[in-house]
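First chain A sits with chain B, and in the next complex the same chain sits with chain C.
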Partner chain A sequence: MKWYDRITRIDRRIIYLLLTSLVILPFFIKVTIPQNIMPQTKRLFDFIEAIPPNDKAVMISFDYTPQTQPECHPMAKSLLRQCFSRGIPVIGLSFDPQAPGLAVDALTSIVNEFDSLATSKEDSLVYGVDYVYLGWKSGRIAAQLDMGEDIGGVFPRDYFGALIDSFPLMNKVKNYKNVAIVVILASADYPLDWIRYPQTRYGVNVAAGLTAVMAPKYYPFVQTGQVSGLMSGMKGAAEYEKLVLDHGYARALGNAETGMNSQSMIHILIMIFIILGNVGYFFSRRQKGADK
Partner chain B sequence: MSSDPWIWVGALLTLMIFSFLYKDNPFYKFGEHLFVGVANGYYIVFYWHNSLRPNLFEPLGAGEFIYLVPLLLGLMYFTRFIPKVSWLVRIPIGFMIGWGAGLSIPALFQAEVLRQLEGTVVAPSSFTNPMSGIWSLIILVGVICTLIYFFFSKEHKGILGHTSRIGIIFIMIGFGASFGYTVMARVSLLIGRIQFLLGPWLGLID
Partner chain C sequence: MKRKIPLGICLIMGIMMIIQFFIPHPVSLGFASTIYKWVIVLMAFALVLAIGNLIRHHTLKIRKRKEDWPYSIVTLFGMTAMAVIGLIWGVDPDSLYQRIFLNILAPLGGTMFALLAYYMASAAYRAFRARSLEATLLLISAFIVMIGFMPFGQYVHTRFPAFAEWVMQVPNMASQRGILLGVAFGSIATALKIILGIERSWLGGKE
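And now, the complex of A and B:
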């Protein structure tokens, strides 16, 4: 077998082994590959920075699933850190049936992190005052539209079964007029519904944190201003982690930043394999032409 | 190493699924079938507790008989299995199509046609910054050439052929970006699982 035939027929198990090794390596050997912050990530960060404290709420729609947790969970945590550090109230909700467990996990871990650092009771985050999780609702388009009139009508009770009228935060936030931005963290096309319906009818600001595979579809909406900011996959999450750290809202970088080192190495490996495959194909085709 | 049995279940099932990368085997099959079963069970229980019971059966139990209308519409879907009355399925389908079209067409036209068209228009304000002006022109050229590529009523010859070839370049750049992002997304899933195996299970990383 010629060398160019050999490089086009590498056993896929060798490729998997190399791939796994390069994913694991950065966890043990300190490799820092610099990450540029993309303008759409910065736009979302700046938008939230511009919201005055204790004024309008940030609504986060947790719509990702366990398998996309490595991409979207760090986004949720960074976003919550920024909002809580700046005293911006957060309203969480979900339209994906797999998301409520992850939403509660993100909220609980960040609230515990803040409460562990609190020096007084006033510094602690209070459920119903600083944040609320409304839970899951079926019929998302109708629910998204109805929330423009009355959030309490769509979610009379929160995820834990408490009446939302009993929360001071929900007495302040009645509909989208009291919401600065809706950030959808999603692994499916949920942001599109927010753009099509509540934004078109009520003009609510929409931003998104998406899995990388979905991101290209949303760039045209960033360009037209329909999406006020975008976090794209693990890279977007790592960028947001960095922004949050640089502004002193976090003590350390999170999982996405570590993951991006593995990600960059894998991309180099894949590029090498694409080049090898093409070189092999080119030479074998030339050889076949010469043989004829 | 973790002492939590659920972490062990997660880790072993992850390894069972990964074993497919070597070759198909009974461990992989077990993991796959268990996942399908658990996922179905989760959805059935979830929808019962969060949708059917609170939104339909509880109001019906409280005497709100208007909820019989959605119940009947829902049950009509099952008439597909009875050939004699299978025509009844057209009623809920018609209702859904009517509702969906009425709601979607204006919103979709506004959000995805008019606003996107607006984003393509090159206005004097696009040139406040030279770079944004150049990008606006590139977007305009890209949109027109790509649309011409999909114009099949005339043979792609002459000026139509040249512009459609430029359109192909833009389409290829789009495919390349999508492919790059897809690779990133799939590798992220692997990274997530490796983080789980090395962290919560083996305790080798924080």
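And now, the complex of A and C:
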């Protein structure tokens, strides 16, 4: 077998072994490569920076699933760190039935992180005052539209069964007029519904944190300003982590940084294999032409 | 009559929902709010129907000992266990329900999705060939975006990330916008056909 044939027939087990090694490596060897921040990520960060503390709320729609947790979970955590550090109230909700477990996990871990650093009771985060998680609701588009009139009408109780009228935060936030922006963290086409319906009808600002596969579809909406900012995949999450760290809202970079290193290593490996495959293909084709 | 009444309801409701969307009067807003609540309840019923269907499908599979029937037991057991645990002990952050979700379901989901990386790497190596001009262009643009979006893309060339961003912002956006417009026009046409009773497949049964 010629060398060019050999490089087009590498055993897939070797590819899998290399892939596994390169995914694991960044978890043991920590390397911090500076992120070049994409403009749409910066736009979202700046938008939230411009919201006055204790004024309008940020609504986070947790619509990602365990399958896409590595990409979207760090986004959620960074976003929560920024909001809580700046004293911006957060209202969480979900339209994907798999999401509530992850939403509760993101909220609990960040609240615990802030509470462990709190020096007084006023510094700690209080459920119902600083944040609320409304849970999952069926009839996505109808619910999104109806929240423009009355959030309490759609979610009379929160995820844990408490009446939302009992929360000071929900007495302040009645509908989209009291919401500065809705950030949809999703692994499916959920942001499109928010753009098409509640934004068209009520003019609510919409931003998104999406898996890398989904993000290219939303570039036209970023350009028109319908989407006020976009975190795109693991890269977007790592960028947001960097922005949050640089502004002193976090003490260290999170999982997206490590994930991004793993992803970069795999991308390099895939590119090397594609090049090898194409070099082999080119030479074997040339040889066949010469043989004829 | 069985077909005319649903068609009539569809026509009236369709037109009314279009009108209310463009007239934000308290009366139309109140009407829309009531309809939205009905939709939410109806969708919840669809979920009940889906659960019923799932139970029926897997019970039949177990009873008839069809291929891979033991997996159906796992499905039914998992569904019942999660529902019972959630209903009895709640869904608080420290609850058993949440612990099962985070420690069993989440890693399983992640593992299944992670397998994609292996298939993608293997498939890209075997199938991603510059066989034609179009395939070569696809290959080049994929390389530009991949390198540009990697953190060290900026070390390959300082303008690489900006170039990758241009690929996303201009050629990608142009094609995405074309697709979106096509889908939008298609959706409008389909919606009008349904409202006007031209498209009747949603009624089910024969014409």
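We take it that the second predicted complex is superposed on the first by the 291 of 292 C-alpha atoms of A that agree within 3 Å, B and C clash if a C-alpha of one lies under 4 Å from a C-alpha of the other, contacts with A are read in each partner's own complex, and residues count from 1 in each chain.
In this text, contacts are C-beta pairs under 8 Å (C-beta built on N, C-alpha and C of every residue); 3 or more make two chains touch, one makes a residue touch a chain.
On a predicted model such as this, the values are computed, not experimentally measured, just so you know.
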item	value
Which superposed partner A:65 touches (first chain B, second chain C, both, neither)	second
Contact breadth on chain A, by residue count: chain C or chain B	C
Touched partner set for A:34, first chain B, second chain C, both or neither	second
First (chain B), second (chain C), both or neither touched by A:108	second
Touching partner for A:146 - first (chain B), second (chain C), both, neither	second
First (chain B), second (chain C), both or neither touched by A:255	first
Touching partner for A:286 - first (chain B), second (chain C), both, neither	neither
First (chain B), second (chain C), both or neither touched by A:226	first
Partner chain in contact with A:6 - chain B first, chain C second, else both or neither	neither
First, second, both or neither for A:277, with chain B first and chain C second	second
Chain C-contacting residues of chain A that also contact chain B	16, 19, 23, 67-70, 98, 138, 141, 201, 216, 220, 223, 235, 266-267, 270
Residues on chain B engaged by chain A in the complex (per definition of touch)	21-22, 42-43, 46-47, 50-51, 55, 103-104, 107-108, 110-112, 115-116, 118-119, 139, 174, 177-178, 181-192, 194-195, 198, 204-205
Of chain C, residues touching chain A in the complex	21, 24, 29, 32-33, 35-37, 39-44, 46-47, 90-93, 98, 101-102, 105-110, 112-113, 117-118, 120-122, 124-126, 128-131, 139, 143, 146-147, 149-154, 161, 165, 168-169, 172-173, 176-177, 180
Residues of chain A touching chain C in the complex	10, 12, 15-16, 19, 23, 33-36, 38-39, 65-70, 98, 100-102, 104-105, 107-108, 137-143, 145-146, 149-150, 153-154, 159-161, 201, 216-217, 219-220, 223, 235, 238, 260-261, 264, 266-271, 273-274, 276-278, 281-282
Contact footprint of chain B on chain A as seen in their complex	13, 16, 19-20, 23-24, 27-28, 67-71, 97-98, 135-136, 138, 141, 195-197, 199-201, 211-213, 215-216, 220, 223-224, 226, 232-235, 255, 258-259, 262-263, 266-267, 270
